[in-house]
Structures are given as C-alpha cells and as structure tokens.
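Structures are listed in the sections that come next.
Two complexes, one shared chain (subunit A), two partners (subunit B, subunit C).
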Partner chain A sequence: MTKEYLLFMLINGLSEGMLLFIIASGLSLVFGVLRVINFAHGSLYMIGAFVAYSLSTLLTTGSLMSFLVLLLVVPPVIAVLGFFLEVTLFRRVYREEHLLQLLLTYALVLILDDVVRVIWGGDPRNVARPELLAGSVDILGLALPTYNVFILGVGPVVAIGLWLLLYRTRSGNIIRAAVSYPDTLGALGVNVSWVMTATFMLGCWLAGLGGVLVASLASIDLGIGMQKIIECFAVVVIGGLGSVGGALLGSLIIGTGITFFQLPFGRWALIFPYLMMAVVLIVRPWGLFGRPER
Partner chain B sequence: MDSQAVNQSQSGNLNRPGTVAIVVALVLLPFILSQFGRTGEFWIWVTTEMIITGLFAMSLNLILGFGGMVSFGHAAFFGVGAYTVALLMKKAGVPLFLALLAAPVAAAIAAAIIGWFCVRLIGLYFAILTLAFSQLLYMIVFQWYTFTGGDDGIHGIPRPEFLGPTSYYLLCLAIFLVCFMLMRMIVNSSFGLSIRTIRENMERAKFIGINVRRYQWINFIIAGAFAGLAGGLLCELNRFAQTEFLHWSKSAEPILGSLVGGMYSLAGPAVGSAVLIFMKIILQQLHRSMVEMWAIVLGSILLVVVLFAPGGLASLYQKLFRKSDS
Partner chain C sequence: MLLQVQGINTYYGLSHVLFDVSLEVDRGEVVVLLGRNGAGKTTTMRSIMGLTAPKEGKVLFNGRDVTGLVPYKVARLGMGFVPEDRRIFPDLTVAANLDVGHKETSGKPKQWTVERVYEFFPRLKELSKRRGGYLSGGEQQMLTIARTLMGDPDLLLLDEPSEGLAPIIVKVLGEFIDVMKKEGMTILLSEQNVKFSLKHSDRAYIVDNGHIKYQGTISDLEKDEEIKKRYLAV
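And then the complex of A and B:
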C-alpha cells in the first residue's frame, strides 16, 4: 500500500465527508432552532436527487450549463417543499412531546419514500457529470476524479457561507437567538414562527443541494435516503445536535472513516457509522461539541 | 395523555364473559372459514398473520406504552427470531417446536446486548440508537450472504406434516393467548408498576430506590423475546425469512398498531395491528397497485393520529362520542 494510494483514499474520504456535511448541517441547523429531529431529512435529500435526475433528462447531457441549472433550481424546489411541510405539519407539534414529533417525521418518511417509489420506481439512476468535471485532475502527481475534488471544494464554501450567515448577518443573529432564547426573541417583536419556517427551508435547501451533488457522484436509488439519514444521525451524534461546527467534524470523521475501513473490511465498512455512533452515544451522549441538556 | 394512563391502574382488566366469548369465537373461526374453500384458506392465513403481528405489537408496547420509550428498532428482534427459526430448521434440521423455543431466546440475547447500550440513553437519543442498531443488524444480515442468504433470504422452510393451515392457526392462537396472559402478569406485577412509575416520573422513581436502568433493560429484553417469538411464528407461516423482517419499515408496523389501538392498554396494539392488516388486505383486493401505496396509507394514518388523536384512534372515538353527548 503506497503513500499515493492512501492520499487518494483520503481525498475520496474527505469529499464523501463534505457531501455528508452539506446534508447533516441542514439537519443540525433545523434541530437547533426547531428542537425537532427530522427523520424525513434523508427523504428530502433523496427527492432532491431524483428531481435533479428528472430535470437533467430535459437538459443537454453533460453540459456545464445544465449542471448549473440543476444547482440553482433543485435546492429551492426542496426548500419550497419544506415550506409547505413546515407550515402545514411541523408547526403544529412544536409544543407537543418528543414522541409525537418523532412520529410525525417518521410518518413523513413513510409517505415521502413511497411517493418516490411510485413516481421514479426502484431502478438505480444517475446524472451525467458535466464535461468540465468528468475527467481527472493531477494533484501531487495523483490522478484524482475532478468531481470528487469539486465536492471537496463545495463543502468548505457551504461551511463558510453558513458561518457568515449565522455569525455576520442580522438574520444569523436572529436564528442564533431563536436557538437560545426563543421566548425573549418573541418578546422583542420578532416573529419566531417565521424564523423557524425560514430555518427549516434553509435545512431543506441544503438537503436538496446534497441531492443534486450526489446524483452525479454515484447512482441513486430508493435506499439512499435512509442510508444518508442514519449517517447524518451519526454525524450529529458525534458533533453534537444543533452544532454546525460539530457537524463538519463529524462528517469528516464518518466520511474518511467509511473510506478507510473499506481497505480491510470491504463492503462491511458501511457498518462504521453505526459503531461510531454507538461508541459516542455511550461515552459522551451529547456529542463532542454539544452541551449536556437532557 | 399521561393522566389517562395513571387512572388505569389494572391493565388488561378482563371482563370475563366477554373475553370467553372472544376466545371461543377465535377458536371457532378457522373451522368456519375452512368451509369456504380457497377464499377461506386465504382468510385463515390472514387471521394467523393478524395474531402474529398482534403479538409483535404487544411486545413493542411493553417498551412504548408501558415503558414510555420510543424504539424505532424493534424489528431487529422480530428478525432475529425469524432467522433463528429459518436457520435452525433449514440448515440444522431442528424440529419446529425446538426452533420456536430458540427464537425468543436468541432474540432476548440480542435485546440484552443492544438494550444494555440503549437504556443508557433517554428520549431522542434512545430512539436514534435503537434505529441505528436495528439497521446495523439489517446490514449484517444483508451482507453476510453465505450465512443468511443476503437479499434472497431463506426459502423453503420445512413444515411438519401434521400442521395444516387450521392447526397452525390454532397453534399461533394458543401461543398468543399464553403470551397475553404472561404479559398481563408482567404488566400488573410490581415490576410492571415500577416500569410505569419510571415512565411517569423518572426522577421520582430513582428517589424511591428503583434501579431505572436495570428495570428498563429487563423490560427491553422481555419485549425483545416476545418479538422474537412472533418473528419465528411468521417465518414458519410464510415458510421463508427475508431481510425485510429486520428493516426499519417493519419497526413502524407495531408502532402504528399501538397508536391505532391505543398505547395504554394491553390488547389495544393487537387490535390496532389486526385493523391495519385488514385494511391492507382490503386495499389489495380493491386494486393490486394499491399495495404500492401501502406505506403512504400507513404514513397518512400516522399523521392523522399524531395531529388529531395522540391517544390513539380509540381516544378519537371517545372524543367524538362525548362531544355528541354534551
């Protein structure tokens, strides 16, 4: 096993982790503000991937233009879907007990996953990569798939974007205030329920973005939503629920972990997130970055 | 929702003549159904599935309703039971009754291991970890092709010659009734009362000296054992075991049954599951493509229950009834 090969695996693992971060940060953000863990987040990501597939069949295959169209159109579509879900369903259970919130999002998983099955069927699909990103690039004398390197670049952009949004804008201040002191925020005249709706839409937008990116990375099928939501759980459990920075760290651990476990264990590496989650939940249930609260 | 449960101190309180009538009707049912040829045989099969799924739902409800812990991974134990029966009978040639004894034992061992980790957590984290462990088992069964048959499952599980549809129905019914009495004993024992105390107020339970984790762990194991028995029975009914038995969507079925039938009664989940299976069959009869929609139907029912009748459909009837009264 050469050094080059290990580096190659590291890049792949990190790009896998970045994709996971884009999705998991949405889940974590939504939990931070809404205090609801959305089981349907994976389903929204899967819908994003399949919508991207359907839209791509209408566009020129492999052109950069159509890829940009997917990136610009699909995430907002998922955000709008999220808007309807939040306003009609989630909003009604914020003050209810955890059990009912969990069951509500669980019901959504059942419905959304089956809707995807009815509309798109069980065949695996994928979206052709744009020519610009289809080949490989030389980095340190290694031929790396351009698309993986691209995702590796998108992840930090999203992370910095989220950080700027949360810590350098007024909307970000409001969102962070809604995490810590929702009642005070309401008393100051901010419409907290719209803050929640907006945050939920942002979370869905991120799920949709993940969906577009994965559609050209690997083949997509009906199982990807459930697989990703469990990886996301592992991420937020490791990083701490509600912490975006923790989500970044957790994603990179899970992403590289899966890739490196593939060396000795092959397909069994998929078990890695579960083991990791079990270990963290036992040793430090509130995660590496979270605070103990319940 | 909780006050309702507190008032009901004696769960599974049986009204004797009514219970006897129901049991007699259940025993006679297959003999009546067998008069109707193939349709009758089909309905014997359906009612057998109802009984087994009812047992599965009641086992979950020991954790969910009585313990107040949401488990999204109960299918793990159902699946372990099913695969125990399948592997023992197909690969080791063990007779059915021994395999059916082994199923709850194997499931209890799995529940002891998984539960030891899970009961350390509460609420949300408990739910996530149960889901993670059940998916872990699912992945193992899915990947371990040489042992479990992977995606193909295990087919052609032998059926003892003397067991026709009717006698298998009666066997399942007998096991169900025994399990029902056992669970009723457990729920009304001091152990069961402690479990309910923990659900109502965990802090207080600790103060009065209940070892919360140990009680929850034991409860988790008991629930797992009953689920394993149900899995073994369904495996023999269908004569195959498949990965779907462990899938997360299988874990949804007993939750739905409990919600529809009412979480705070012993028999409620069984009744709820029977209603759901009946609905599924009716949908199937209406149109084949409706089966594809089954998860959508289940999800919609769950949404309605969560939004409008958190106490189960039974409480919805009550609400409507009382409203029309006043």
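And then the complex of A and C:
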C-alpha cells in the first residue's frame, strides 16, 4: 500500500464525508429547532436525486449549464415539498411525544419511498457529469476524479454558508433562539411557527442539494435514502444533535472511516458507523459537540 | 385605559387557576400585582400575553380585544413581556439577544435602539459579546428587560423582576422603574417583594388563590394593616 494510494483514499473518503455533511447538517438543523427527528430526511434526499435525474433528461447531457440548472432548481423544489410536509403534518406533532413523531416520520419514509418506486421504478439511474467535472485532476501526481474533488470543495462552502447564516445574521440569531426558548421568542414578537417552517425548508434544501450531487457521483436507486439516513444518524449521534459543527466533524469521521475500513474489511466496513456510534454513546452520549439534554 | 382584563378564567389542563380576574392599567401608570407564591400572578401575566389563553373573559389592549390572539401578534400590538425566569437565550451573545428582541414596528419611529438600551444599562454594553449563558442573575434580569424594550412596547409586563436578586440589584431595578415611569412608560408589575413594590408603584391589586382580593392605591394599602397581614404576610 503506497502513500499515494492512501492519499487517494483519503480524498475519496473526505468527499464522501462532505456529501454526508450536506445532508446530515439539514437533519441536525431541523432537529435543533423543531425537536423532531425526521426519518424521512433520507427519502427527501433520494427524491432530490430522482428529480435531478428526471430534470436532466430534459436538458443537454453533460453540459455545465444543465448541471447548474439542476443545482439551482432541485434543492428549492425539495424545499417546497418540505414546506407542504411541514404545514400539513410536522406542525401537528411538535408538542406530542417522541413516539408519535417517530411514527409520523417513519410512515412518511414508507409513503415517499413507494411514491419514488411508482414514479421512477426500481432501476438504478444516474446523471452524466458535466464535461468540466467528468475527467480527473492531478494532485500531487495522483489522478483524482474531478467530481469528487468538486464535492470536496462544495462541503466547506456549505459549511461556511450555514455558519454565516446562523452566526452572522438576524435570521440566524432567531433560529438559534428558537432552539432554546420558542415561547419566549414568540412573546418577543417573532412568528415562531414561520421560523420552524423556514428551518424545515432549509433542511430540505440541503437534502435536495445532496440529492443533486449524488446523482452524478454514483448510481441512484431506491436504497439510497435508507442507507443515507442511517449514516446521517451515526453522524448526528457522533457530532451531537443540533450542532452544525458536530455534523461536519461526524460526517468526515464516518466518510473517511467507511472508505478506509473497506480496504481490509470489504463490505464489513458498513459496520463502522454503528461501531463509532456505539463508542460515542458509551463515552459521551450527547455527542462530541452536543450538550446534555436539559 | 391601556389594558383592561375583564373576568378572565384560566386553566392549566383541568386545574382552574384564575377565577374572574379583572384589572385595569391606565397609560403612564405603574400597577403592581401582589401575591404569594402560586397565587396566580404569573398565570395572570401569561393570560394577558396570550401564552396561556384564558377560557373565559376578555383582555382588551388599547381598546382592542386580544383574547386568544397568539403571543407574537399581541407583542406586535405593543405589549412587552418580561418572563419571571428571564429566559435569556444562552447560546446568543448579549448583543444578539437584544437583536432578537428588536421587532419591526409599522412606521412608528423607534424609541429604543441598542445605543439607548446600553445607555440605560451600561453593564450590558461591557458584556455585549458575552454569551447569555454566562451572565449573573442580575445581568440576566437587566438583559431580559432590555431585550423586551428593544421591541418598543407601550406596556411592559414585568413578572417578578426582583426574585432571586441581591438587594443592591433590586435597588437598581427600582430606580429603573422610576425612570421608566417618568418617561411615560406603562408598567404592570407582579411581585412578592411588598416593600419594593409599594415604593415604586401607583396602585396595587392583590391576588390570592386565583382571585383578586384587593385593589386600591398604594397609600390606601399601606394604611390597611389587616389586608397586609392576611394576604401579604407583612
């Protein structure tokens, strides 16, 4: 095993982790404000990927323009879908017990996954990469797939964007205030139910962005939603629910971990997220960046 | 009358907490709602704000029926609520806490800006970058009042502001109430601290077991030894 090969694995693992971060940060953000663990987050990501596929069939294959259109159109489409889900369903369960919330979001998984099956069928699909990102780039004498390097770059942009939004704007102050005391925020004149809807839409936008990105990374099928939501849970357990910084660290650990474990253990590497999750739950149950629940 | 509460009955689940509570606050007045722990002071405040909507009765604010209105709408009409447990957003800096309290008032010129709030509470300016979770009780009390003022309220509901504060801070709080009154602010105060309340208010209501048992001016109440003994344990 050469040094170059290890570097190659590292880049791949990190780009896998960045993709995971984009999706998991949405899940984490939504939990922070709404206090609902949205099982259907993976399904929304999958729908994003399939919508990207359908839209791409209407556009020129492999052009950069088409890819930009997908990036600009699909995440808002998923956000709008999220808007309807929040207003009609999620809003009703915020003050209910966890079991009811779990039942709702799990039922949504079953329904949405079947909707995807009905519309797109079970065949694997994928979206051609734009020519600009289709080849490979030389980094330290290694030929790395340009697209993976691209995702590796998108992750930090999303992370910085989220950080600026949450810590440098009034909207971010309001979102973070809603995490602690939604009632008090309302008494200060803020329409908290709109804050919740908007946060949910932002989470769905992130799931949709992940969907667009994955559609050109690998082939997409009915299983990707479930696979991703499980990885996302591992991420938020490791990083701490509700923490964006934690989601970043957790994603990178899981992404690179899976990639490296594949080397000696093959498909047994899939155990890695659970293993990490178990270790964190034993040592620091509230996650690396989280705080113990009040 | 700026605020009229007319015969409200409020419940927490099945338990009946307020019985036909009525009270009035005129523009520019400081009115105190006195009572023991659990008498119904906080529930009255929450009922007025819409945080715990009364089942019967009416709350009129500026002549407008606000009963059953969601709190953020009541707040936008000009009611400012300062919660008993302060509820400082712990992850937000002092400046960000104030920023959240600022609300868009439709066209009305802004009375309270960050600068003016800092003038009133210089300590908050020194602490502007500190996170809410790291403030002392007194600092938190200043901040929770300042945060509500940022919304430019016409009426300030102060729920047990002196609770748990050191005597020196209570004194500062009293001076603050006096200054606010001089500036024409209307305040409804709820308190257990009788001495503090009588010193800084114009009129008093006494609530006990969810019923209003007494109402009158401060000078009348000060003379009424029996009432004071019975309800205020003075």
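Assume the second predicted complex is superposed on the first by the 293 of 294 C-alpha atoms of A that agree within 3 Å, B and C clash if a C-alpha of one lies under 4 Å from a C-alpha of the other, contacts with A are read in each partner's own complex, and residues count from 1 in each chain.
One rule holds in what follows: a residue touches a chain if its C-beta (ideal position, glycine included) is under 8 Å from a C-beta of that chain, and two chains touch if they have at least 3 such contacts.
As the structure is a prediction and not an experimental result, all values here were calculated from the model.
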item: Touching partner for A:179 - first (subunit B), second (subunit C), both, neither; value: second
item: Contacts of A:103 with subunit B and subunit C, given as first, second, both or neither; value: first
item: Subunit B versus subunit C as contact partner of A:168, first or second or both or neither; value: neither
item: Partner chain in contact with A:270 - subunit B first, subunit C second, else both or neither; value: first
item: Winner by number of subunit A residues touched, once subunit B and subunit C are compared; value: B
item: Which superposed partner A:187 touches (first subunit B, second subunit C, both, neither); value: second
item: Which of subunit B and subunit C A:3 touches, first, second, both or neither; value: neither
item: In the complex with subunit B, residue positions of subunit A that touch it; value: 37, 89, 92-93, 96-100, 102-104, 106-111, 113-115, 117-118, 226, 230, 233-234, 237, 241, 267-268, 270-271, 274-275, 277-278, 281-282, 285, 294
item: Subunit B - residues contacting subunit A, complex; value: 1, 70, 72, 117, 120-125, 127-129, 131-133, 135-136, 139-140, 143, 248-249, 252, 255, 259, 292-296, 298-300, 302-303, 305-307, 310
item: Of all residues in subunit C, those that touch subunit A in their complex; value: 49, 51, 70-72, 74-76, 81, 83, 87, 89-92, 96-97, 99-101, 103, 147-148, 151
item: Contact footprint of subunit C on subunit A as seen in their complex; value: 170, 173-174, 176-177, 179-181, 183-192
